[in-house]
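Some notes on the structure that comes next.
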Amino acid sequence: MELLTRKESWNIAYEHALGETASWFYVQIRDHAKLYGRRDPKSGRVLVPPRSFSDQTLEPTTEWVEVGPAGRIETFTIVYEQFKTLPPPPYAFGYVLLDRADTAIGGFFRGIDLSDPAQAAQTLKVGVRVNTRFAEKRTGDILDFWFELESK
Amino acid sequence: MRDLPGKTHVAVVGCAMHAPRDAKQRSLEEAIYAVARAALLDAGLAIDDIDGIVVGANDQLDGRAISVMMASGSVGGVGRDILSTPSAAEHAFVLGALRVSAGQFRTQLVVSWSPTEVSSIPEALRLGTDPYFHRALPLDELSAAGLQATALESAVPDIRQAAISIVVKNRNNGAIAYPDRAAAPRETAWIASGKPLRWPLTDTMVTPPAYGLVALVLADAEFVKERSLPAPAWIQGLGWATEAGLLGDRQLAALASLAAATEQAYQQAGIKNPTTAFQLAEVADATPYQELLAYEGLGLCARQEWLRACESGRFERGGTLPVNLSGGALSFNPVYCAGLMRIAEAANQLRGRAGHHQTAKLERVLAHAASGFAMQYNTVVVMGRDPVAGTHSCVGARP
Amino acid sequence: MRWCKTMKSTRVGIVGIGQSAFKSHRDDANYPELVREAVALALQDAGRGLADMQAVVYSLAPDALLGIGNAERLGVDAVGARNKRFMRINTGGSTGLSTVAAAHAHIAAGVCDVVLVAGGDKVGESGDSQAILNKIWDPTYERQLPLTTITMLAMSAVRAMHKHGMTEEDMARVTVKNRVHAALNPKAHLRKKVTIEEVFASRYLAWPIKLLDACPQSTGGCAMVLASERYIKENRLEAVWLTGLAHCSESYFIGDRMGNNYVADHADAHALRLSFERAYRMAGIKDPAKQVQAAELYAPFSNTEFHAIEAAGLAPLGQSMAMLRAGEFYLGAGTAVNPSGGTLCTNAIAVSAMVRVAEAALQVWGRAGAHQQPGARVAVASGNGGDHQFFGSAVLEA
C-alpha cells in the first residue's frame, strides 16, 4: 500500500543568559583578546572556560587567573564528514590546556594541511604546543579565537 | 504490611524555591546550582550527605537536548547516581521517594526548573503534539486547557462563577505569600471581565509563564534520626497515574487518572475520609478549572457542590481546608516545575517553614500536581507530621 | 558514603523480554506502534497481559531525535499505561538502563510487584541525528564548536591512543568481532561480517573513527517485564535476577577530563568503573573477570568498547586491546563481550541501553539462541549517556 510521511521541523529560538562569570570572560576576549579562568579554592584547579562553581566540590570559584595564550593539545579530531548545520569538512578541533590553566578549553585548530588524515594526525598530537590566535573583529564568543601550532 | 516506605519511611527535610528577579545575572546552570545549594542549606546538610539525585527537566523549554547534562554539575551529579524524569517535575519527586524507600539510598536531592529563555513557550510546548494527526492544529497547552474548561463548563452548569472565585482566592493568597512575584490581587468583577485567550479561558484566568526553580531534599527515617533533622514532612502516601496521550481519547471533564492516583495515595496513607483528613492542600491550578477538577479527583468536593463550597469559603484562608495558600500557579506560574512547587509548598507548611502564609496546627497535608496537555499526568502526595498515618492497609498496587 | 546500602531483601527479576528486529527505517509503523510491538512481545514472553502491569517506566532519550516534544505522552497507550503509574526517564544513551533502575526502585520500594519498561526510537527519521546531538552541549561555551557524539568520542580515542597505545587496527578488531556476533543475532541491525581491511577502506568520519567504527541509526523498540520475587514465585514464572544496579556520573565538561589533576580521563570511563564497582558490591561479585561470562557493554564506536571492558573489571586498564588481539571477548572466550553485536551494530538510542540489559538477561537465561555464550550464569550490562557523562551498570544472574 501507499505509505506516506509528513515533514515537520522545529523552529524555536533561545536567548540563553550567560551570567556574570561567562559574560566577564567573553568581554575580556572581545575587548582585550585575553583569556581567563576561575580558581576552585578547594582543589586549587583553575577552570577554563571559567565556571562560577566547581562541579567536583560544589564550591564557588573565588579568583580570576589569566591563562594562555600558549598551551598544549590535550585531544583533537579531524572531521571529514559533512553534518547538517555544522561546518564544511575537513576541519580540526579539540581541547587545549592553556598555560596556568588546569582544565582544557575547546577550539578549532587552523593552519594545518588536513588533506591526508594520517599525516595531519601526526602533526596534531597530544602534547603538541599551540598558540592562541584572536580574530581581528571579536564579538565576545568562543569562536573569537582558535589555535595554531607554535612556530618552531 | 508496608506503607510507602517499603523498607523505610521517607521525609522531605529541605526545600528551596527561587524566582530569579534578574534572569540575566545567572546562567540557567548557575541558577540551578543556587537553588540546589539553598535546599541543602535549608536541610542543614552538605552535598556529601546526598546519595543520589533526580531532576525533572524539559529539553524544549531549556533549549538543551538532554537537559540533565547541563544540570548535573549544578546539583552535585559528578560522582553520584543522577536520573532525570522529563515527563514531569513531580515525577522526579516520586522517583526520589521510591529510591529512598527502596533502601538503596539514604537521601535524594530532587530538583526542577522552568526557564523563560525560549522565544515562545507555547510554541515549544506545542511540539508535544503528535506530528501525525495534531501538529498542524493550533493545539498548545493553553488551547488544551481551554478545551478542558469547555468540556467542564458543559458538564457542570454555572461553574464559571466558581472558577472566577478560585482566581480571586489564589491571587489574594499569592499577595500574602509572595507579594514580590505574585499576580496582584483583584476583585471578582475585574477577574470576570478578562479578555478571552482560548475560550472560555480569559487573560485573567491564567498567569503568564514565569522563571522558577525548586529543590527538595529527601531522607530516610534512620538519617533523619541520626542527624536530628528538625520537622521532617513525612511522605505517608504517594500516587501517580496518566491519562491517554491523545485528547480525543479522553474524558476531558473527568480525570480518571487523578482518581487512580488519589486511590493509591489514600490507600497507602490510610485516608478514609479526605474531607476531614487534611488541614491544607496545594493543588494544580494552571487554570481555575484545574483546581475544580482537583477538588473532585482528590475527594474533597463533588462537582455539584463546587459553587457552594467556593462561596462558603471552605477552601480559603481560615476555611476548614485552605487550598493554595501559596497563591498557586494562578499567581506565579513556572510552567514546568509548578507541580513540584505545590509539593514543596505543602511540605514547607508541615515543616513550619512556609513564611508569610504559614498555617498553624497542621497534622497532615495534601499536594497534587498535574502536567502535560489538559492534566495528562496526575500526582498525589500525602504528607504528615508523623511517619505513619494511623492504621493503613498495605500498598495500593496489589491486585 | 554516598551509596551505602544493599537491597538483599527484595529480589527483582526479569520475566519477559521483547525487542524489534532493528532496521534503519520502518515506514510501516509510526512511533507508538513501534513501542507497542516490543510491549506485545515482552508480555507474550512473560505470559502476562497489559492489565497485569502495575506501573510503566518509559525509556526515551532526547525528544528532538523523534521530533516530538515529551513523546512519552504519545506512548502512554502503546504501553497500556492509561490510569496507571507512569513516568519517563532520560539520561541520554544510558536511558534504557536508567529506566530499568527506576522500575527496580518501584518494586524494591514495595509499591509495585510487576512493572513494564518500554520504549522505542526512530533515529532514522530525525534527518541528521548529529545536528541534533550537537545541541546537547552547553550553549555558553561549547555548542559553538562542532561537537557531536562522534567527534566527542573520537577525542576519547585520540587520548586512548596516546595513553594506552590503542591503534586503528585495534579499533577495527572490535568491529570485526561485533559483526561476527551480530551475524548470529537476528535482531541486530548491521549483520554483515567485515574484515579489518574493509574497516580501513571505509571513509573517515572524524579521525580516527571511520564509518565502520561507528554505530548505525536504528529504528525499533524494546520492552521488558520486571517483577518481585514474591510475585514470580506466586505465579510460578521463569525469571532471571537483577542483582546489581548502579549509576555514576562525570563532569559535563570534556575539557575537565584532561589537563592537570583531573579525576576522570576522557580516554577512559572513570565513572563507569565506579558504577560497576557499586553494582558488583550490590551483587556480591568480587572478581568480575572470573565471575562474568557475558557482557553487553554500551559502545557506539569501536574504540569505546575498550574502556567499557576495562571499567567493567574484565581487563586491567589499558590491557583490553592486547586481550582482544589474543582472541578474548569473542563468543566462547572466558567473557564474551557484546555477543549480540552490541550498540556498534544496533543503536536505537532510546532503548540501546535497555537492549544491553535484555541481551545480558537472555544470556543468563540461556535463551540467546545462535549468539548464546555457553554456560553463562552471570552477565553484566552498561549504558553511557550524555557526553560520556552518565554511566549505568547492571548485573544479571540466572
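Going by the order they are written in, the chains are A, B and C; count residues from 1 in each one.
We adopt the following convention: contacts are C-beta pairs under 8 Å (C-beta built on N, C-alpha and C of every residue); 3 or more make two chains touch, one makes a residue touch a chain.
Keep in mind the model is a prediction, meaning the values are calculated, not measured.
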Pick the pair with more C-beta contacts: B-C or A-B?
B-C
Per CA centroids, the chain at the heart of the structure shown is C
If you average the Cα atoms of chain A and of chain C to get two centres, how far apart are those centres in Å?
30
Distance from chain C to chain B - Cα centre to Cα centre, in angstrom
33
Centroid of chain A to centroid of chain B, CA atoms only: how many Å?
40
Name the residues of chain C that each touch 2 or more other chains.
64, 67, 139-140, 251-253, 263
Give the residues of chain B touching no fewer than two other chains, as numbers and ranges.
27, 29, 60, 63, 72-73, 77-79, 124, 127, 131-132
At which residue positions does chain A touch at least two other chains?
8, 10, 14, 16, 18-19, 22, 55-56
Hey, which residues of chain A end up touching chain C in the complex?
3, 5, 8, 10, 14, 16, 18-19, 22, 43-45, 47-49, 51, 55-56, 74-81, 83-87, 91, 93-95, 97, 101-108, 117, 120-121, 125-127, 141-143
Help me check something: in the complex, which residues belonging to chain B touch chain A?
23-30, 33, 37, 47, 60, 63, 72-74, 76-79, 117-120, 123-124, 127, 131-132, 135
In the complex with chain B, residue positions of chain A that touch it
6, 8, 10-22, 52-53, 55-56, 58
Applying the document's contact rule, which stretches of chain C touch chain A when the two form their complex?
27-28, 64, 67, 127-128, 130-131, 134, 139-142, 144-148, 150-151, 154-156, 158-159, 162, 203-209, 251-256, 258-263, 266
Note: in the complex, chain C contacts chain B through residues 1-5, 7, 9-10, 30, 32, 52, 54-55, 58, 60-64, 67-77, 81-92, 98, 101-102, 104-106, 108-113, 132-133, 135-136, 138-140, 246-253, 263, 271, 274-275, 278, 385-387, 389-390
